[in-house]
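Chain nomenclature is as follows: A, B, C and D, assigned in order of appearance, with residue numbering initiated at 1 for each chain independently.
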Amino acid sequence: MHEGGLGKGAILLYSVTGVITFFLLVPLLFPIALSFSDTPFVVFPPKGFTLQWYWKVINEPDFTTPFMFSVQLGVFAAIGALLIGTPTAMGLTRYSFPGRGVVQGLVLSPLVFPMLVTGIALLRLFTSINSNSSLTNLVIGHTLVTVPYVIRTVSASLLLIDPSTEDAARTLGANTWMTFWRVTRPQIVPGLFAGGIFAFVTSFDNYSISMWLADAEHFPMPMAMFALISRMFDPGIAAIASLMILMSIVIVVVLERLTGLQRAMSV
Amino acid sequence: MSRLILNRRTLIKTAGAAVLAAPMGYVRNGWAQGKQIQIGIWGGNQGEFVRKNVLPAFEKEFDCKVLAQQGSTLGQISLLRASKEAPKFTVMFVDDLGVEIAKREGLIDPLPKDKMPNLGQVYPRFIYNDGYGVALMISSAGIFYNTKTAKPLESYADMWDPKYAKAISLVTTKNTPSVFMAIATAAVVTGKPYKEAQYLVDQAWPKLAQLKPNVLKLYDTDDAPLLVAQGEGVMGGPEYSKYVYPYQVKGVPIDMSFPKEGAFAGVNCQVFVKGGPNPDLGAAFMNRVLDPKVQQGLAEATIAAPSVGGIEFKPEIAKMLPYPDKKMDELGLFSPDWAYVNKERPSWIEKMSQIFVS
Amino acid sequence: MMDIEVTNVAKRYGTSLAVSDVSFGVEQGHVLSLLGPSGCGKTTVMRMIAGLIAPSAGSIAIKGKPVTQIPVHKRNVGMLFQNYALFPHLDVAHNIAFGLEMRKVPKAEALKKAEAVLAMVRLEAFGARYPHQLSGGQQQRVALARALVIEPSVLLLDEPFGALDKKLRENMQLEMRQLQQRLGITTLMVTHDQDEALTLSDRIAVMRAGVIEQFGTPTEIYERPVSRFVASFIGTSNFFTGRVTAKVNGGYTVECPDGVRLGFNGTPPAEASVTVALRPEGIQVSPDAGGDPAPNRMRTTVEQIVYRGLSTHYYLRRPTGEPLVVVRQNDSGADVFAGLQPGSAVLASWAAERNLIVRDDA
Amino acid sequence: MAVAETLPAPQASAGRGGLFAFGNSRALGAVMLLAPAVLFFVVVFVIPVGLMIRYSFYQQTSTGDLTSAATLANYVRLGSVDLYRTVVMTTLRVSLWTTFIAMLLAYPLALVMVRGHPLVGRALTVIVLAPLLINVVVRTYAWRVILANGENGVLNWTLAHFGLGPVRLLYTEWAIIIGSVHVFLPMMVLPLSAALGKINPAVEEAAATLGASSFAVFRRVTLPLSVPGLAVGATLVFSLTASSFVTPALLGGNFAKMLGTLVEEQILVVFDWPFGAAIATLLTIIVMVVNLASVWLIERRFPSRAAEAG
């Protein structure tokens, strides 16, 4: 279904697509270009070439501390989302029961519900129950908004496997857990993997939840970026942005290699 | 300028070293071992200096942990309110206006004088609201401008000049200096000094609305002076000098101007949270902030005046500082009647937002 | 002894009954087919025996042991799934060894046994392949090996040949039957394919709408269908309805509304109105000689002739307009058929024993 | 629902497997699998949101305590003060423009992704989706650099080389719209390409054999069949734009204020919790109404596709 699939307008369509692609890519390329500038401030066009800003920022605690914290938070959130999302995906894909639509709507709602509001509501909750552990609060908040991604990717994987392989395993003597572990899990590895990465990335990039729940000791990367943008005036800020962009590109390529991006991300 | 940069780097080093060296002279502080407090501070150079130069030495000496959260005065107050039942913070940095609010709402206790010997060196005028707050740093507030493309502002009235169309970055209504803009406008409208104009701000709104064509944005980030220096408009503010001079010191073409109506005082204070965890450690920290060496380091990092007396500065720094206190008087630094302003503030914020938000 | 005993089993989903009050048994070493159209509940019955679905009522016993409360993984049944359900992430050897591992057989030993079973299904060299590298027939043999290696109490086959093409299907059916007989394993098969059921089974249970319509040997099912449904689902039948009218020496007659009369031997049934099934292969055709119609004969017109290789189907039309199907083996050489063309008038006739009274449940 | 197991189940049938059948009870299996998530969502999502909405019916005294009686005062204030009406209008305007532009840009992208050369499609997928994984602060930072008004602004610098400009975009609604389109475009492309991918090419071929020109095929067959994907994408983009905070905060210069920035200001700066809650509730209502309308549209117009598109 290619070659001619686009009909007569192909050339026009490809050109338009090219322009839009340019629009998409340019903002990702600029920070990279600016980050090599050998000037004390971010200037355009960049002048000279230096790697000193990279060296500077990887030694800058205002960058490394939030970075490491966000990695930690992202891992916790991904684990939480996998633990909650995987059984949910199985329940939703393997059973039909009255109220299934309601449950599905509920667990996927953080995708469309204004995240800002989710964050406020959580802040309200944690304040009223006196939950002062910012890390716990953040992990719960991030798990909440990343679970839908795991449910989606794992459900997509579950729908691709033949459920009778599970029946087969059970007739062969595997109990519920063994069936999951030895038959279901290996077959949904791409979904689990994609879901985990998604949860991690979503958490790593989250601002709207973190802005309400973070505190000085638990200060995630996007908020640090927000603060650094207004404080760091040298190309170090561009270097940080470039590092973030590079990290994302690596993740995208890995995901695309492993599972086929579109399936993993389809909403 | 480059000479200045060199000097400044050296200065910071010296200041840092002095702070680091301090522990030797103190008694062991075993009682604080393993304890932790949370404090609220500002961002910008001042915040950075506190986090990178003051806290590490303090933590080492007391074998404790200090968590510093950056925010604005009103935001810090809201944090105190939110955790009123179970306070999280022990020490909070707020502007002078915040001392009044926090005291009125019963969020803070009087400063523990007996545990803060350094209070004795503070100019008496900088102890606020019957000992509920003490200044740690005093900036002057005015308008910053791009030295390449503009001249110092002579009068606030000049801001309305059509040649500044879309060239002024006004401070966000969220931040304290927005109050100064309202008062300055009232002064322009009424021709009265700040002292009287501050009660006549209601007359300022129509005039302020006329400023809108000249306003490029309402900034709420610390880099506004830098952006002006890079050619985004020509001036901005009102802003505390502590957010502007550090850029100038680094060679950015930016300077402060204090129009003839007068400069405003930006007084950074610290307060002692009611019922906060580990109050003794908090008191020790507040005392440390008033330590002359710390005060000097802070002053040099942010080019703002200390609140304690008897500190010597190099001439090129000294000339930028409203210090000592006599010089403050000469500059006529104005502090609004915060009790009155705080009461009116919410409606001022709403009015100003209404004017500028399209 | 019955290896599988199903007693009064029912399955209800909400208000609808998928299976109602089904009872049957499978003798040791026998193959029983559950035959019926899709949706008749046959798969549900099999899955209840396997333990994959819990019955709403009734009890099930395997090898004399009640299993209704025993979870599927402890029932020791070997099940062959419709699409084989091979584990795509495991190679053939590990697929087969899976059941043994679940039984805590040491891995090495399990793999050794797997090899032996692979030899049994003639796939010795395929242990390291993955399911997607196998053809349909090979996949089926692996699935069979996987089900058999655990030495199951009974073997359950769910539409085992449905995914294979015709030729391969016939080969596999024979192979399966040989293997089953060699192992003597009691087998329950679910199928909607009558040929398959007739070929492979010792007993057939014809199911319809959740109940067993008829239970018997393949011969009984084909030759003595009890209902119009069975008569039409297995093979083809012509149907007549009429009233029992006269008793003639040792027999009786059924008269149809269009005047056709069907003659029977034996005692008449209790009902006054009956349905009669007539297999198309029992009907003779001769040139229309005219005259009074005797019982078991009728005048018809040829409508359509379809040559089917082994046989030819003649679609005849009765004076009433109703069709009558006649099937003739092509090697039977009766030349009376040779000259028939659409439009020819012919006389259809058959022997009295060809008339089967069935329950009218259509 | 009830007859799931006997239903002719297409593909991997929902309900057929029943992996987790505890004590042979499938109902219990479903409950055990879903209970943790439902409990989690009720405790940390449903209840908190409910509490927040309830909060919006109270008022705060100057010392931060709540008034005792429920009141609609916050909502009256939202509706009657010009500032807040302006902000609501700005939010709607920016969100609608963003959605509209995203639709225009997404269509060619999705078409090429689905129908173009497979290699191009693959590359395009990566390019379209990569930004999604880059945090919004970084992306917005980039736009600030590009749109900057001064001599360092990339766009103005470029325009100057062609003797054009300068244009003033930063700190206007258009800056927010440009930034939002960039940030949320993938959310439009994904469902749209999914919908396009589901269109049976034979349907388009059939239209062509019936005499429809390429354009007519697109307008009469492809476009209508892609509406569900478009609706889902539009809903997502609208919702996300309306409730965004970072982009308006960094690109809007506080001039073009949106509901998100207003909420943040009320709660974290002015600390008027109940009023902030009321704005948040209004934001939620706007977003949820759009979502429900979209679901309704899809289910009514495309009942057969509703299940897939949701």
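FYI, a contact is a pair of C-beta atoms (placed from the backbone, for glycine too) under 8 Å apart; a residue touches a chain by one contact, two chains touch by 3 or more.
Remember, predicted model here, so these are calculated numbers, not experimental data.
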Ranking chain pairs by contacts puts first A-D
Greatest centre-to-centre gap (Cα means) from chain A is with chain C
Between the Cα centroids of chain C and chain D the separation in whole angstrom comes to 55
CA centroids of chain A and chain D: separation to the nearest Å works out as 16
Chain-centre distance (mean CA atoms) for chain A and chain B, in whole Å, is 38
Whole-angstrom distance, CA centroid of chain B to CA centroid of chain C, is 91
Multi-partner residues in chain A (2 or more other chains touched) are 43, 161-162, 164, 167, 170, 179, 229
Chain D touches at least 2 other chains through residues 1, 4, 18, 21, 26, 152, 267-268
By the touch definition above, chain C meets two or more other chains at residues 47, 51-52, 71-72
Interface with chain A, chain C side, in the complex: residues 47, 50-52, 71-79, 81-83, 85-90, 98-99, 102-103, 143, 146-147, 150, 156
Contacts from chain A onto chain D in the complex sit at residues 1-3, 5-10, 13-14, 16-17, 20-21, 23-28, 30-31, 34, 42-45, 83-85, 87-88, 90-98, 100, 103, 106-107, 109-118, 120-125, 128, 140-141, 143-144, 147, 158-164, 166-167, 170, 176, 179-180, 184, 201, 204-208, 211-212, 221-222, 225-226, 229, 237-238, 240-241, 244-245, 248-249, 251-253, 256, 261-262, 265-267
The chain A residues in contact with chain B across the complex are 40-41, 43, 61-62, 127, 130, 132, 215-217, 227, 229-231, 233
Chain B residues touching chain D in their complex are 72, 74-75, 77-78, 81-82, 84, 104-106, 166, 172-174, 215-220, 227, 230-233, 346, 349-350, 353-354, 356-358
The chain D residues in contact with chain A across the complex are 1, 4, 11-22, 26-27, 29-30, 32-34, 36-38, 40-41, 44-49, 51-52, 55, 105, 108-109, 111-113, 115-118, 120-122, 124-139, 141-146, 152-154, 157, 182, 185-187, 190-191, 193-194, 201, 214, 217, 232, 235-236, 239, 242-246, 250, 260, 263-264, 267-268, 273, 276-277, 280-281, 283-284, 287-288, 291
